[in-house]
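Each structure below appears as structure tokens.
One chain, chain A, links the two complexes that follow: it is found with chain B in the first and with chain C in the second.
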Partner chain A sequence: MDFYLGLIQIIGVHTLLGLSAYCVLLTGQVSLAQAGFFAIGAYVAGMLTVLAQWPLIPALGASAVVAGAVACAVGFPALRVKGLMLVVATVAFGEAVRLFFFNFTYQVQAGNLHLGPHGAEGFRQIRYFPQNGWSTFDVMLFIWVVVALVMAGLWWLDRSRVGTVLRAVGEDELAAQSSGINITAVKVSAMTIGGVIAGIGGGIFAHYTTHIEHAQFGVVLATFAIAYPILGGLSNVFGTLLAVIFIQGFLIEGLRFMGDWRNLLFGGLIVLAMNIRPRGLLDAGAVQALSRLFFSSKERSGA
Partner chain B sequence: MDLLDLIDAVQSAADGILFGATYALLGIGFTLIFGVMHKINLSYAAASIGAAYASLLVLAVIKAPAILVFLIAAAAGGLIGGLVYLIGFRFIPLANPLATLMSTVGLLLLIDEIIVHTTAGVPLNYPALFSDVIVRAGPFGLRGDLMFVFALGCVCMVVLLLLLYRTRLGLATRAVSQQPTASKLCGISTTQVNVLTFVITGVVGGIAGAMTGAAIGMLSPLLSLPLTVKGLIVTVIGGLGSIPGAIIAGLIVGGLENVLQYFRGVSERDLYIMLLLFAFLVFRPGGIFAMPTGRD
Partner chain C sequence: MLELQGVSKHFGGVRAVDGIDLTVARGEILGLIGPNGSGKSTIVNLICGLFPLTSGRIVLDGTDISDVPVHARVTCGVARTFQNIRLFGQLTVWQNLWVAQNSGEQRSQNFVRRWFGGSRGAREEIERTLEFFDLGRKCYELAANLAFGEQRRLEFARALSAKPALLLLDEPAAGMNAEEIDQLDNRIRKVRQDGITVLLIEHHMELVMSVADRIAVLNFGQKIAEGTPAAVQADPVVRQAYLGTTAVA
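Here is the complex of A and B:
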């Protein structure tokens, strides 16, 4: 049972990561920096609860603020370029963050334990959940409450004027600019929102794994972050959730019985999925078909 | 810093510049594909390593000389390049850049996993040429295998430049990269040019993969991600679409990396390369040889 609870936790945290990339992708920017923001969130939240004895929620808030601020600061220089240049710039930023934590040591003696991040060995003993008696189920519930809140927030954002502006920039920058949209402001805001979400996700990740190290936040995690929304489709937030379930639940856990062959199938299935559904699993057409299925009577009466 | 330190620093810079030829070749590959298709092929470095691995298959059959292994790596690279185009680009609408980006990520993972699966993840030895030769120049020594790698890289670059600027195929390639629609109207088949570009860059990648193997002495699937990142960095520092830029940037990155490793250690060296890249993106987004106004 704990295995499934753990899987649901992983899906929740990766959904947050995917949603952070989703915000940025809406404006048409491919950012591989999300793993960097995720790492910043993880280290900040971990250090606050372990070294400063903060409760979890304020620590997550702080990690969200720090990651968001860094995202905003990186957004200004990075978003002056686009396309391949932006991909490279954000890869470089993510790698720089990872390498920073690779060389980052700040330890405090507590009894006979050394607490805090320790360079290449990583940051052990982030034991907030066990110390405060949270069961696996409580943790899972907490993660999904956060995921639901973030998804609801993004859903609302998508429906509002802000979402329209984001998508307008994503569809055609020139047209958006000529209709009076400040595209730099829009892109940097999207990047900041993405950073905030990734910061929260990273903070939660640090606490449920209890041990973080630089290698977890490399280019692979960054590609996963953009893989979820692209694979799921950008038409709405549920595409990202669907893709996370597809990748983490089916490709990684569901195919475990195939042993070594699973990894081979993993890349192959992503390529296949992109060939069959280039606009994502849950693209605009699929959304329309689904809504027709569920709300058929209403639509007919409306028509 | 005393004299001995200086000598060591110059020595490591020289070694790094020689090895930088592989970065330069990878950078050229990324630049060419981007130039023709306006798409990023993230699987390129993995495919190069894959080609080098494929060339080791011949050693399992007969005891071939190293030069034959290099040739086979080039051929395998061309083949893999063609396959990458077929699987990752041919059937995906070009108007959707995210889909091809994702499919090349999938291919990168797939190629890596095929390597891990067939070799059980164990690094394999790779043959080198002239590894016992050391050219002495005063206090400095240049390793023969690195010099061979560098020379091979230079030959590749010259051949590539001749191909691009002296043949009809090169003319067609440049035409497609400048104006796809106009070149189509002139009767150039863009699909054909795209396929050929992938095959040619694949050949270059295969040679780069073999050069990496020869310079390090072995091959490991762990090489593909760092090489991808370094190749992309070289592409950007050199300027998108600029082949001379990619060459110079490759040599600079190779040299700097080795010097920084000498002074700051292996764990910090890439951090400074990333900062260099960031500085370039902010102050010279067009790369080394860009016009001052040539902003993206």
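Here is the complex of A and C:
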């Protein structure tokens, strides 16, 4: 049972990571910096609950603010470059963050324990959940309340003029500028929102794994982050959720019985999925078919 | 209302636009014609701010806008269409117009209303524009799925969504049939009646000659003639450089 609860937790946290990349991807930017924001969120929230004895929720708030501020600061120079150059720039940023935490030591003695990040050995003993008597089920529930709130917020944003403008910038930057949209402001805002979401996700991640280290936040995690919204499609936020369930639930856990052959099939299945559904698992056609299933045509035309 | 003062744009050794003086008076329709490569589209791009000027100034209503960024010029009242249609293909017709509501007046609205709620005024404006361009029925279609003529109309509609004082139309009749050109002619006249100044770049001579009050002719980045349609048609320099030495279309 705990295995499944754990899996559901992983899916929840990775959904947050995927949604942070989703925001940025809406504006047409492929960013591999999301794992860096995720790492910053993880270390900030962990240090606040362990070293400063903060309760969890304010600590997550602080990690959201710090990660968002870093994303905003990174956004200005990084979003001046486009396409492949942006990918390279954001990978460089992610690696810089990882190497920072590789070298970062800030420990406090508490009894016979040393608490806090310890360079390459990582940051152990982030024991907020067990110390406060949260069961695995409680943690899972908490994660999914946060995921639901973030998804609801993004869903609403998506349907407001903000979402339309983000997508317009992703479609055609020149036309967006010529229609009076300040594309730098739009792209930096999207990056900031993405940073905030990744910060919250990272903060939660630090607490349910209880042990974080630099190696968890490398290029592989950044690749996963951007793969979720690309595989899921950009029609709406549920595409990303679907892709996380597909990758984490089916490809990574579901194929475990295949041993080392799993990784081979894993890559192959992603390529296959992208070929069968080039615009994402949940593309515009699928959304239309689903909404036809649930709403009468009258309601839809009024939407 | 718009003045180009000695405007030049050189791309390396190519003098795409070379020392042009051009004035557009408030409320007029100015036609801009010239052979391919004579610098017409470059002028539109310069007025919109897509490239920095090599030299000269662009003055709108007495203020120098030469250094104003692209998006801010829309707020100042300059909107455009593109020679090759550039719509937001995966957005609906409605959304294409919604995105473009960026005039100074629209910007001064309450921030929350403007970005998160839909104000009734904004909705009504979109509905009126759609009505005017006969696109009401296509409201929820994706722009990419429209027919060519409808896409041209939508682009015109999107430019008007920003409530411009000056509208730059870059070959709006390209690829249209006679009936569509007729409708376009009517719409340009109506837009002018609403007090919008129009700079029309067009290859289709019948349309320009019919709708424009004045015409400026470019060749090799320089202005070779300017005047009423009749005067320009009679000008021997224009005939030689552009319309050919025989008959006028």
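Just so it is clear, the second predicted complex is superposed on the first by the 295 of 303 C-alpha atoms of A that agree within 3 Å, B and C clash if a C-alpha of one lies under 4 Å from a C-alpha of the other, contacts with A are read in each partner's own complex, and residues count from 1 in each chain.
The definition used in the following text is that a residue touches a chain if its C-beta (ideal position, glycine included) is under 8 Å from a C-beta of that chain, and two chains touch if they have at least 3 such contacts.
Note that the coordinates shown come from a computational prediction; the quantities given were computed from them, not determined experimentally.
In the superposition on chain A, A:182 contacts chain C only, with no contact to chain B.
In the superposed model, A:231 lies in contact with chain B only, and not with chain C.
In the superposition on chain A, A:85 contacts chain B only, with no contact to chain C. More residues of chain A are in touch with B than with the other of chain B and chain C.
When the shared chain is aligned, chain C comes close enough to touch A:167, but chain B does not.
In the superposed model, A:25 lies in contact with chain B only, and not with chain C. Here chain A touches chain B in the complex through residues 25, 30, 77-78, 80-85, 87-89, 91-93, 95-96, 99-100, 102-103, 119-120, 218-220, 223, 226-227, 230-231, 234, 260-261, 263-264, 266-271, 273-275, 278-279, going by the rule given at the top. Contact residues on chain B toward chain A in their complex (touch as defined above): 34, 38, 40, 42, 87-88, 91-93, 96-103, 105-114, 116-117, 225, 228-229, 232-233, 235-236, 240, 267-268, 270-271, 274-275, 277-278, 281-282, 285, 295-296. On the chain A side of its complex with chain C, the touching residues are 160-162, 164-165, 167-168, 171-172, 174-183, 284, 301. Listed in rising order, the residues of chain C touching chain A in the complex are 48, 50, 69-72, 74-75, 79-80, 82, 86-91, 95-96, 98-100, 102-103, 114-118, 140, 142, 158, 161-162.
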